[in-house]
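Once you've had a glance at the structure underneath, I'll fire off some questions.
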Amino acid sequence: MKFLDFILESIKIIFFKGSKAYYLWIGALLLLIIWGAFGYMNQLQGGLIVTHMRDPVSWAFYIGNFTFLVGVAAAAVMLVIPAYIYDWKPIKEIVIFGEILAVCAVIMCIGFIMVDIGNPLRFWHMLPFVGTMNFPSSILVWDSFALTFYFIINFIVATYLLYCLFTNKKYNKKLVLTLVFVSIPAAIAIHTVTAFLFNALPARPFWNSALLAPRFLASAFCSGPAILLVLFQILRKITKFEISNEAIWKIAELMVYAMFIYMFFTLAELFKEYYSGTQHLIYWEYLYSGIGKNNAIVSYGWSSIAMGFIAFLLFLIPRTRKNFITLNIGAVLIYSSVYIEKGITLIIPGFTPDVLGQIYVYSPSITEIQTAVMIFSLGALLFTFMVKIAIAIIFEGYRSRNVNRLVESLT
Amino acid sequence: MKVNNHISSGTIFILLAFLLIVSVSCRNRRQTKELPKEKRAHVAAMNVNDISVPPLPFSDGIFPCTDCHAHQTPSPIKRVLNWHEDIDTIFSHDKENRWCLDCHSLASRDSLKLASGKLIPFRESFKLCGQCHGDKYRDWKVGVHGKRTGEWNGKREYLLCVHCHNPHSPKFKSLKPEAPPHLLGDIEKDQEIQTQKPRQDARQK
Amino acid sequence: MQDKNNSRRTFLKNLSTTALSTILLSGCSSQAVEEFFQRNFRELSKSDVDRIINKLEDKYFLKYGKKFHVSAEPAMDETEFAYGLDLSRCIGCRRCVHACVKENNQSREPQIHWIQVLQMDKEKGIDFSHSNVHYNPELVPEEGHFYLPVSCQHCRNPQCIAVCPAKATWQEPDGIVVVDYNWCIGCRYCMAACPYGARHFNWAEPTIPVEEINTETHYLGNRPRPKGVVEKCTFCVQRVRKGKYPACVEICPVGSRKFGNLLDPDSEIRYILENKRVLVLKEELNTEPRFYYFYGV
């Protein structure tokens, strides 16, 4: 009964308690979702041929976005570690918002997978018991386990904490702490398993490097917290959320370490390939200098590096780190850098040239962009709703009817 | 309580890791056993005198040779013939050292002759070719040289050397290749595919 | 109290399952429903397979107007296939490519070719990064080049099977790697995993001209495929399990393709392995292909 009350109150908060700006934002997102949905309908009817994926480049934009969002989901929860170690005051809020972001990111991940497979209705074929799951051999199955597990944990903790606040109950500290502590290795696990998805393929030398999984984690840590960084500043302005400047600067400082490690890993990869100069260099050549006339993604490769390096400097130098304008520019830069890196410069060179040495130049089609916009907008919508509920409960004192009645009767 | 939890979760983790390692390292190794003699295709033991071949690739009306040659005086002198120009113009089978009567029998026009002088029918011409081209002959007998049709576990169909190689000009002629695969990324072509639904089916014949 | 909770729980579970199924399936015909719930081919009983095959043949008749024969012939006993390709002979004429297309009902638009013939430089040797699949001169073979056809290698250690999340692809006892087209979810992980580019995806509904359609099919082989599934060379499973050679072997005008049973010491393929200089592609990947390239001369 109380839970039903929670759900109904949440629905009320989402739909009826917003400001003008909020409704404009929701409206814009809905428009984008509808526009995107037309593209997806196109794809359902005609098949995946409406994308620009073909046999040589059989994974592209959708899987790139999926990989990026797994990183976001992982990094969202990673902030819990420094919050705990450095004893930040708003650690509970950090945990909740981080987990809400993680939940939305995982939903978007699943969304991208569903739009990418040729027969979405057949996804049950890979489930255990009802289908014929290829466990433990297929890394895809491990990934689905890891993501599902991570989603469940985060969803439970976030919902549970908000629910307890809502009903003025004391939350079970042992349960929450255990789940939160489990969610941290789970966060590392999901991104590692996603990296192993690519790493497992000896047919693709571009991905068959031992450094792939560490690079994934480093890039996740240097980009994921960027969203929360910006979100916390917004929350600080519009709600009673309190987080000290020092904490924000600390997040930026930790991101610098991650960025440095990430750049070092990339340098290590580049050295190995360019110095050894084997045929495997050809994938990196396609990325950074093009092969013959095929140089479609060279600009992406270099802009990703440039943006990442500038963001690194902005975060490294204390003056620019502590200036909120340059800090936020840096956050946007590093986020874009990692988005390009995961979305384009990870996937495409893995397939170009293909295993038989042929080159197919890929660029996303309108339909792919539409579908991606649909999923991102859905995720953003979900995120907005959940954050709105969280803000309402945490900062604006929304409580269940029983609690309100109790409070009224006492005063 | 806490220690037990850790031990059990640790055990589960180790078991899972073990499962993963085992799954990627173990592969289905098939045991190779040989077929018993009665089930083998008996290729190597094939009696070359018993193979059946498709019709010989004679030009129309050219066989039997005795139709014309019975009425002519045979001459063993190496010369340019005043008939069979179609063969003469293309003849390139070791032209410097060979001519017609090295393979064709002067005495018995409807046969070929081996180096030993032994006469063989045209349908056994592989014995003649095999005299010089022993490695090809050896491979051909087991089916590794030349086109293979028929049944892989039973009756195989053989072609004579001359079914593929013109004995007078044996070098394989170049062929016109069949169509290459479409260039991918032809966006307009793909859009054409999209708008052509529904597909060809019985109703649209 | 516990019992009451349990019965309430069971009731709610049953109710929700029924409701969900009704909502999901209310718009579907009973045949569509049955197709949706069809299990992995390896789990089907013989009567299930017969029933499914009958339905398939009816469906194909409706679609193409021709009587189809879909076989579910299992692997022959004591058979392990292997393939030989004579690199010294292939002239790159692509007759194998198109014979395969016709025999195996491959889609013409969008175009699927199970065999890719690569033109390579004699100077560079087997070097994929300098190869060309789109060569189209007047006559082949071209001076200074040799030709390497690549199709599914039916590896003994197949990467594709290891990564398929739904076990929609597996290796049959006679060595042929097959796909259950009614089970494949189209995730294309196997395509990323194959080192030989042998797997192809139906990006759209396949088109086959009715007059060229081959009605002698096998469930796991050349029956017309739906969109959204992966397909590849099956060593012409519909032919070889009846003792015939694959279509590519039969059409090759220069006799560079050889096929046989590894367990038969008298087969061509055993002769090749024992007497010729044999190589496999990308051997460092440990895929252990059954497709052997050799030099006949």
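For reference, chains read A, B and C in written order, and residue numbers begin at 1 within each chain.
Please note the rule applied: contacts are C-beta pairs under 8 Å (C-beta built on N, C-alpha and C of every residue); 3 or more make two chains touch, one makes a residue touch a chain.
These numbers come from a predicted model, not from an experiment.
Compared on C-beta pairs in contact, A-B and A-C come out with A-C as the pair having more. When chain centres are defined as mean Cα coordinates, B lies farthest from chain A.
Remark: the per-chain Cα centre closest to the mean position of all protein Cα atoms belongs to C. As a whole-number value, the distance joining the C-alpha centres of chain B and chain C reads 24 Å. If you average the Cα atoms of chain A and of chain B, the two centres end up 57 Å apart. Computed from the mean C-alpha positions, the centre of chain A lies at a distance of 36 Å from the centre of chain C. Of all residues in chain A, those touching 2 or more other chains are 46, 49, 54-56, 137, listed in ascending order. Shared interface positions of chain C, defined as residues touching 2 or more other chains, are 110, 116, 133, 162, 204-205.
Residues of chain B in contact with two or more other chains: 24, 190, 193-194, 197.
Residues of chain C touching chain A in their complex: 36, 40, 42-43, 110, 116, 118, 127-133, 150, 159, 162-168, 183-189, 191-197, 200-205, 227-230, 282, 285-286. Put simply, chain A touches chain B in their complex at residues 46, 49-50, 52, 54-56, 136-137, 142, 360-362, 365.
The touching residues of chain C, counted against chain B in their complex, run 62-66, 78-80, 84, 86, 91-95, 97-98, 109-111, 113, 116, 133-141, 156-157, 162, 171, 175, 204-210, 240, 243-245, 249-250, 252-255, 257-268, 271-272, 276, 296-297.
Listing the residues of chain B that touch chain A in their complex gives 16, 19-20, 23-24, 184-185, 187, 190, 193-194, 197. Looking at the complex, you find that chain A touches chain C at residues 46-49, 51, 53-56, 58-59, 113, 116-123, 125-126, 131-134, 137-141, 144, 197, 200-204, 279, 282, 350-351, 353-358.
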